[in-house]
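A short write-up of the structure that comes next.
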Amino acid sequence: MGILILVTGGTFDKEYNELTGELFFKDTHLQEMLKLGRNLAPVKSHTLMMADSLQLTEADRQTIVDYCKAAEETAIIITHGTDTMVETAKKLAEQITHKTIVLTGAMIPYKFGSSDGLFNLGSALAFVQTLPKGVYVAMNGCYFEANNVRKNKQDGIFEAL
Amino acid sequence: MGILILVTGGTFDKEYNELTGELFFKDTHLQEMLKLGRNLAPVKSHTLMMADSLQLTEADRQTIVDYCKAAEETAIIITHGTDTMVETAKKLAEQITHKTIVLTGAMIPYKFGSSDGLFNLGSALAFVQTLPKGVYVAMNGCYFEANNVRKNKQDGIFEAL
Amino acid sequence: MGILILVTGGTFDKEYNELTGELFFKDTHLQEMLKLGRNLAPVKSHTLMMADSLQLTEADRQTIVDYCKAAEETAIIITHGTDTMVETAKKLAEQITHKTIVLTGAMIPYKFGSSDGLFNLGSALAFVQTLPKGVYVAMNGCYFEANNVRKNKQDGIFEAL
Amino acid sequence: MGILILVTGGTFDKEYNELTGELFFKDTHLQEMLKLGRNLAPVKSHTLMMADSLQLTEADRQTIVDYCKAAEETAIIITHGTDTMVETAKKLAEQITHKTIVLTGAMIPYKFGSSDGLFNLGSALAFVQTLPKGVYVAMNGCYFEANNVRKNKQDGIFEAL
């Protein structure tokens, strides 16, 4: 059984709209990133939504949970905006216990030269293959259990409680 | 206890010499890559050698083994040229059983825009934190035990035997 | 006598603020770009302002004109936001006739991998060394006289009237 | 009448062969670079050869001269390896006087993140549109007449005699 990568948006996938000068979502860069990393782990991906995580409603989060529940895969990566990644992780942890789910994202859009996205995707792919059942956030080269993590918005990092 | 990253060279760290038009080694890009990935996992690094892995002698490999043995860390990443990464992994596995050692590298130099290096480093950092004691190769988003991996030189990928 | 490069901001120099997710100005990337291009043309640079060109007032434009007038150099490049680059060019052309002034910028921030900034800077440096006295916009590999150019905001390109 | 860009190879277009670890030529990156620069100057391109300029014979150089002579365009850019760019420029200058020909190249392959190629292409495109009839080398943000330039191989720069 392979790994499911569920795309939900976030900084990871933001692009620069040269006509308006604003950041926006077009398509996910996931396939391009997997190719760059020469990934050969058995991966299937699905774009569930392309949203700024500050805009996600509880209904959106439930949609994510439901999709993970229904998926046949037991190893799932979710690319997600960092601002509410912890909230989604907690909701997943409340409702799903028999799968390994790893949420990851980026502080800088992949299309920016200085993005942490490729590094994070590499670590998420490794964590999802090796961690026991549970819901985790993978950022900053570390993994955190869903109930023991917060985003430190002042420093732009994730840390244990 | 933190993670030791042992630098031994390889494509990972090759640079372009604009005066001669050849690839060469200067310094490792490891710190720059860890910074780009916003790594916060507790990491200590040491440059043991800067070598093309085709040039490594058995004495060089023993130097690597000895350094890993003597290190106080039990989680060790080795950046290594891909051509003889498997040989070094096997030698490590013969002599060290009580540590988690992950070898990784890149098919394309980090300084090339299209490098797989950052992805591989992210995955190696995750694997070294989660895999049981043993020696592994982490490439292509996958991990392989030292005695069950080869480099497929025709396709430029790593695969299980 | 060398070339003066006057920095006024624009997309060229925008960066991504990873804490707020917004684009902002910090320092200009001009020196980094000149170094990347291995520029040896005699250049002196000065940051006059760091502004989104939509925010520029007529007083700001006059400040730019005054600085160009007072400068001892007769070859001047101005990096400028694209949205009102033409307005500033026209104002310069009204008041300065004895210098070669070339305005350039970028549609995509330099720090984005896909920026046109380095290409534009290379062309502006060449144009300023070769065009007769006058005020020009250098974008899209072309040059336009200040009174014969507009930004086509729908296509994000510059074109002659 | 538009601009002809004649591709002859050089560092500009070298790529990294991940199977052999060597630099080699595949296709030119010219179209990709023109697109990145959002070039709208009327350009037609032709790949005449893909050669390391140290390998060019006098017959190869004559082929380049003949192609330029026969071309209907009077504005021609030649992308060329830097090592013998000056020799080709001199040969062109001996035989062609009624066209503006600009040779350019790169010290670092375009595919390397740190290439000067895009900057040089931007400057060459500007110089070819503005310089009088003659043969020139455009490197380091400067232009040099064919008979007044040498490559300083120690510093990796072009300079007037």
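So that you can tell them apart, the chains are marked A, B, C and D in the order they are listed, and the count of residues begins at 1 in each.
Please note the rule applied: a contact is a pair of C-beta atoms (placed from the backbone, for glycine too) under 8 Å apart; a residue touches a chain by one contact, two chains touch by 3 or more.
Here is each chain with its UniProt name: A, B, C, D = Asparaginase domain-containing protein.
Keep in mind it's a predicted model, so treat the numbers as computed, not measured.
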item: Intersection of contact partners for subunit A and subunit C; value: none
item: Chain separated most widely from subunit A, comparing mean CA positions; value: D
item: Winner on C-beta contact pairs when A-B is weighed against B-D; value: A-B
item: Subunit B-subunit C separation of Cα centroids, rounded to whole Å; value: 44
item: Inter-chain centre distance, subunit A versus subunit B - centres from mean C-alpha coordinates, in Å; value: 26
item: Mean-CA-position distance for subunit D and subunit B (Å); value: 39
item: Residues of subunit B engaged with two or more neighbouring chains; value: 107, 113-114, 156
item: Complex contacts: residues of subunit B adjacent to subunit A; value: 33-34, 36-41, 43, 107, 114-116, 118-127, 129-131, 138-143, 156-157, 159
item: Interfacial residue positions of subunit D with respect to subunit B in the complex; value: 11, 16, 18-19, 21, 23, 52, 107-109, 111-114, 153-154, 156
